[in-house]
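Comments concern the structure below.
Labels for the chains are A, B, C and D, by order of writing; each one numbers its residues from 1.
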Amino acid sequence: MSLFARTGRLSLSRQQLLRAAAPAPVTGGSGDQRLEIIRRVLFEQPTRETPNLEGEALQQHETIERAWKLHQNQERERRNRELEKKFRKMSAAMNELEKTSDRLFKAAIVKSRHITFPREMKIPTETPSPQGWNHDYTPPVEVVPAKNS
Amino acid sequence: MIARTLPRMLGKGAHLSRSFATSIQARAPLVSSNYRIASGIVLSRTPQITRDSTPFEKAYFDYSEKLERQSAIPLPADFYFKKGSLAERRWKEDEAARMKAMADPKLSLSEAVKETQVKQEDADVTTQMNKFETGSRLSEADKKNDIKSLNRALQRTLYLIVKKPRDQHAWQFPQGAVEEGEYLHDAAERELEEECGKNMDVWFVGRQPVGHYAYKFPEDHVAKYPGATGAKVFFMKAHVFAGQCNPDNKEVVDFAWVTKDELPNYVSPEYFNAVKDMLSDL
Amino acid sequence: MLSRNAIHRVSSAARSTLKLNRTLATEATPSFAAPKTNVNPAYDEALKLIAQDKEYRYSMLKKVEKELAKVKKANNSPTQKQQLTRLQQLAIDLQVKAELNDPEVQWRFRNGMRDMNRPVHRYMVEREFQKDRKSKLLERVLQMRVCPDILEQFDPTAQVIVEYDGNSVQEAGIFLQPGETVKPPTVSFVNFHEETKLYTVMMIDPDVPDQERQTYQQQCLWLNTNVPLSTTQPVVSGGDTILPYVPPHPQKGTKYHRYTILILEQPSGKIEVPSVEDKRFDTRSFIQQYQLSPRGVSFFREVWNEDVSRIYADILKEREPVFGKPPKASKYLEDVGRKSKKYLLL
Amino acid sequence: MALRLLAQRSLARAAPSHRLFSTGAVVASSHGLNRLKEHYHNIVAEDLMVLTYDHTKVSPPTLKNADLEALLNNAISEKVEEPVVVAPKVEEVRKRKGGKPLKPIQPLKNGSNIPTLDKITVHAMVKDAIHQKNHILSAFMALQSITATKPEVIFAKTSVANWKLREGMPIGVKVTLRGKEMYQFLDKLVEIVLPRLKEWHGLPMTSGDGNGNIGIGFPPSALALFPEIEGSFDMYPKMTGFDVVFNTTANTNAEGRLLLSGFNVPFKGAKTQTKK
């Protein structure tokens, strides 16, 4: 994605670059033409002019950036509010559990250091898989080891 | 049976306080200060696709993408593409589309490229074979509003609610009494399996409750459960990754997967008020 | 991001320095021309979002105002005062945030059309002072030892603007010529309170040599008490003049003098100050005596030139002192001025 | 060609819709959103909050995140505000145990200090650069290609006589990624590179620097797995190994691992907790 975002034209083709690089003085022992090409690509690129915003465009830009900040603020506040509510709810439940039953409370605060999110948990995508949700899931059959009676 | 009820705790024997002999006996529900303790399950299906961006988000993204392009270092295309290769040709086509889109502030760079890519693929036979098949963001279940389907409301979090065979307070999250000697998360796992069947791939998020709800039993109920005048439900959080709810038709007669917004249509207002803070808006 | 930098450069250049309404009233005020809509979709959507936010905040403001009226009616509530302050705070906050993103408000602020009657502009000026100007002011005040030479370090709440004819002290610590400061300056204190509060305004020179004690003394060149100031009336005028303005006159032979203007709030209202001696003035004990709290500071520096002699002759009507180091006793010159012999024949 | 296909494949999960919808009416899409970021805020953050909850360290509730309605209700409430008595801070003298450095004190938990990914650092040391400086260019170009950010050159801080390294020699390159770029890089790493690494089953369950930051070292061959490099592989004189360090705001390794596994970074021997 990032690759395609950075676009532009270079006048020389790869072969031309190689040819042009050949007579260039090579510093050091084992000179590789490809290094010379990389050097040119990295440091001898035509630079683009930075957009010079002024007048109406500048006014528009500042309004847009301001609105974007406002939007991000709103989103962040909404998220924080929701999380805070959930946190307080959870905290209240734990307080209640502590009052209700010491045994249950102690079991609830046990934590594993080796816990991870399961790999089945998938990150949302732009479109769902064509198969859709797997409604027909059945748990894998547990192989019960034969008991020695 | 024994294996299942054994507390699956860490720290080995520390919590294995129950002896095998008692576990086989019929277990009494746990009662604490006149309240029966119950374990509820907030089983959620997480969003399957990313949400729709707002019109402003879309417009801002297009705008900043163009600004960025204006000041970014140009791509050394000849470094990345072999001369005369298909990749180069396509990149040039994309680039032409981008140049065109740059001129008009109403056009989006990303969408301009998408269009040329679709054209290229239609023209090219080899990529036809590799074409990705994707589902639609609006599924069939959405159109039918099939509240039992997990293919519905793909951008939102869906919660499982079940219907008990009674008139009042019929709909609620799956829940069941914690038995003597049982822990909350064990009870939650057991209840979910009893009420909704085994055919769900479920992951419980931690062992602690994420919310609670206390209520008094109605008059006729009190007689049924001696020693308790109400119940305290502690909700456990869980995600479902596959499978579907199969109600046992005894304790539970119906089920639905609903979003937070739809929940008030099913449950009583006091129940909704008690649980709304632990549910996600999205 | 190169583009962002470029844009920021432009925008900061467009930002004008703080000017008061008073000075701008004479200039022709350009009117705000909003950019055309329906050209850039991002701009259109941005305007929509800002308008939405504004509407929501204003609807909340209405509710707050209703509650305010209700609370004001309920007289005998013990928590009335607390409720009132909270509600007023909330109302101001809502008003400010509702208008802060408005392109026109921003444009007016940037172009110096600052209306201190509007909460949003007051908020913006205050934020500008706290974010930009305060650190620089404090840096200068500490670097040039105004604090602690005159008083302990304090937290200035607003900007003090000192303007002489044609010269303004935009940045604390700049050098002025004694000839430029003969007439009293216009001092403004850009405060943010709507109600009128009383202030003491003074100008101190802490670098006057005290020959008797072989040290430096403070001289109070200007002392005004009970000056009424508010956000719409930031210019120092009126009040009781205890010590009339004496032009800065750095003595010949001394290093630079720091002429410091202090704005001190009088929290307990009006104060009565009998005449004070301007020489050997003790700012610290003065502040303690009248329980003043420092709110703003600014200073400029001057060194001697010919104008000082004129000030001494025309205004002060004193003989001009000239300071310098005492001549060094040379071990090679005898009292009679003869060079002593290097080698003495004993 | 290969690059393009790969790039397409890499985008398949991020934005596969472009193959379905061509022109016509505007189709609702998540155009402009970052899916990893959305995933974190919608799901991972909340689960992390539950999984890292500590009942002994709960910060008192504040009005910091309250909405306007709540602020209004607070303003008109008739509850007299008790002046907050701040107990004088007692400087706790903390001693090191067994020569290990002291860990920072963990803050009290609340809804807004849930562990999150702060930055990703991609770093490569080029040993060949000792003998010839311009060997660093290859790594420079490679890092720039995969991260879309200009790297900075790292100079040797000390001299090592055995390696013929002198102070001030350019010896490596580094890129620090934050925000949008960070999530894009992580997406690429998790979806394309890590699954194709040979004989690698995931990070060990002991990984982490003690404060919740986790690093992965990659062999030189891994660089070729990035779609940006695969197509122009022969243009690089030499591939280098590199490190990717995930800097998180987590306080412990367990929290750091949990956070990364939320982004589908695989961990070795991690037992999924799903029902059997």
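Just so we're on the same page, a residue touches a chain if its C-beta (ideal position, glycine included) is under 8 Å from a C-beta of that chain, and two chains touch if they have at least 3 such contacts.
Protein names from UniProt, one per chain: A = Large ribosomal subunit protein mL40; B = Large ribosomal subunit protein mL46; C = PEBP-like protein; D = Large ribosomal subunit protein uL5m.
It should be emphasised that the depicted structure is a prediction, and the values quoted were computed from it without experimental measurement.
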Chain pair that, of all pairs, has the most C-beta pairs in contact: A-B
Chain A and chain D, separation of their C-alpha mean positions in angstrom: 8
Chain B and chain C: spacing of chain centres that average the CA atoms, whole Å: 59
Gap in Å, rounded to a whole number, between the CA centres of chain D and chain B: 24
Rounded Å distance, chain A centre to chain B centre (Cα mean): 21
Residue numbers of chain A (touch at least two other chains): 3-6, 14, 37-38, 41, 50-51, 64, 67-68, 71, 85-86, 88, 90, 94, 109, 111, 118, 120-122, 124-127, 139
Per-residue multi-chain contacts in chain B, two or more chains: 46-47, 49-50, 56-57, 60, 62-63, 67-68, 70-73, 79-80, 91, 134, 136-137, 198, 200-201, 203, 206, 208, 210, 239, 241, 280
In chain D, residues with contacts to at least two other chains: 16-17, 20, 29-30, 35, 38-39, 42-43, 46-47, 50-51, 53, 145, 228, 235, 272-275
Pairwise touch network: line, ring, star, complete, or other: complete
Partner chain D, residues of chain A touching it in the complex: 1-6, 14, 27-30, 32, 34-35, 37-39, 41-42, 77, 79-81, 83-88, 90-91, 94, 98, 109, 111, 113-127, 139-140, 142
Complex contacts: residues of chain B adjacent to chain D: 46-47, 49-53, 57-58, 60-62, 73, 79-81, 85-87, 90-91, 108, 110-111, 114-115, 117-119, 121, 127, 130-132, 134, 136-138, 157, 189, 193, 198, 200-206, 208, 210, 237, 239, 241, 280, 282
Contact set on chain D toward chain A in their complex: 7, 10-11, 13-17, 20, 29-30, 35-36, 38-39, 41-47, 49-51, 53, 55, 58, 61, 64-67, 109-112, 114, 131-135, 137-138, 140-141, 144-145, 147-148, 181, 184, 205, 227-228, 235-237, 254, 257-258, 261-264, 266-267, 270-276
Chain A contact footprint on chain B (complex, rising order): 7, 9-11, 15, 30, 32-33, 35, 37, 45-50, 54, 56-57, 60, 63, 65, 67-80, 82-83, 91, 94-95, 98, 113, 133-137, 139, 149-151, 154, 178, 183-185, 198-201, 203, 206-212, 214, 232, 234-235, 239, 241-244, 277-278, 280-281
Chain B - residues contacting chain C, complex: 55-56, 59-60, 62-63, 67-68, 70-72, 105-106
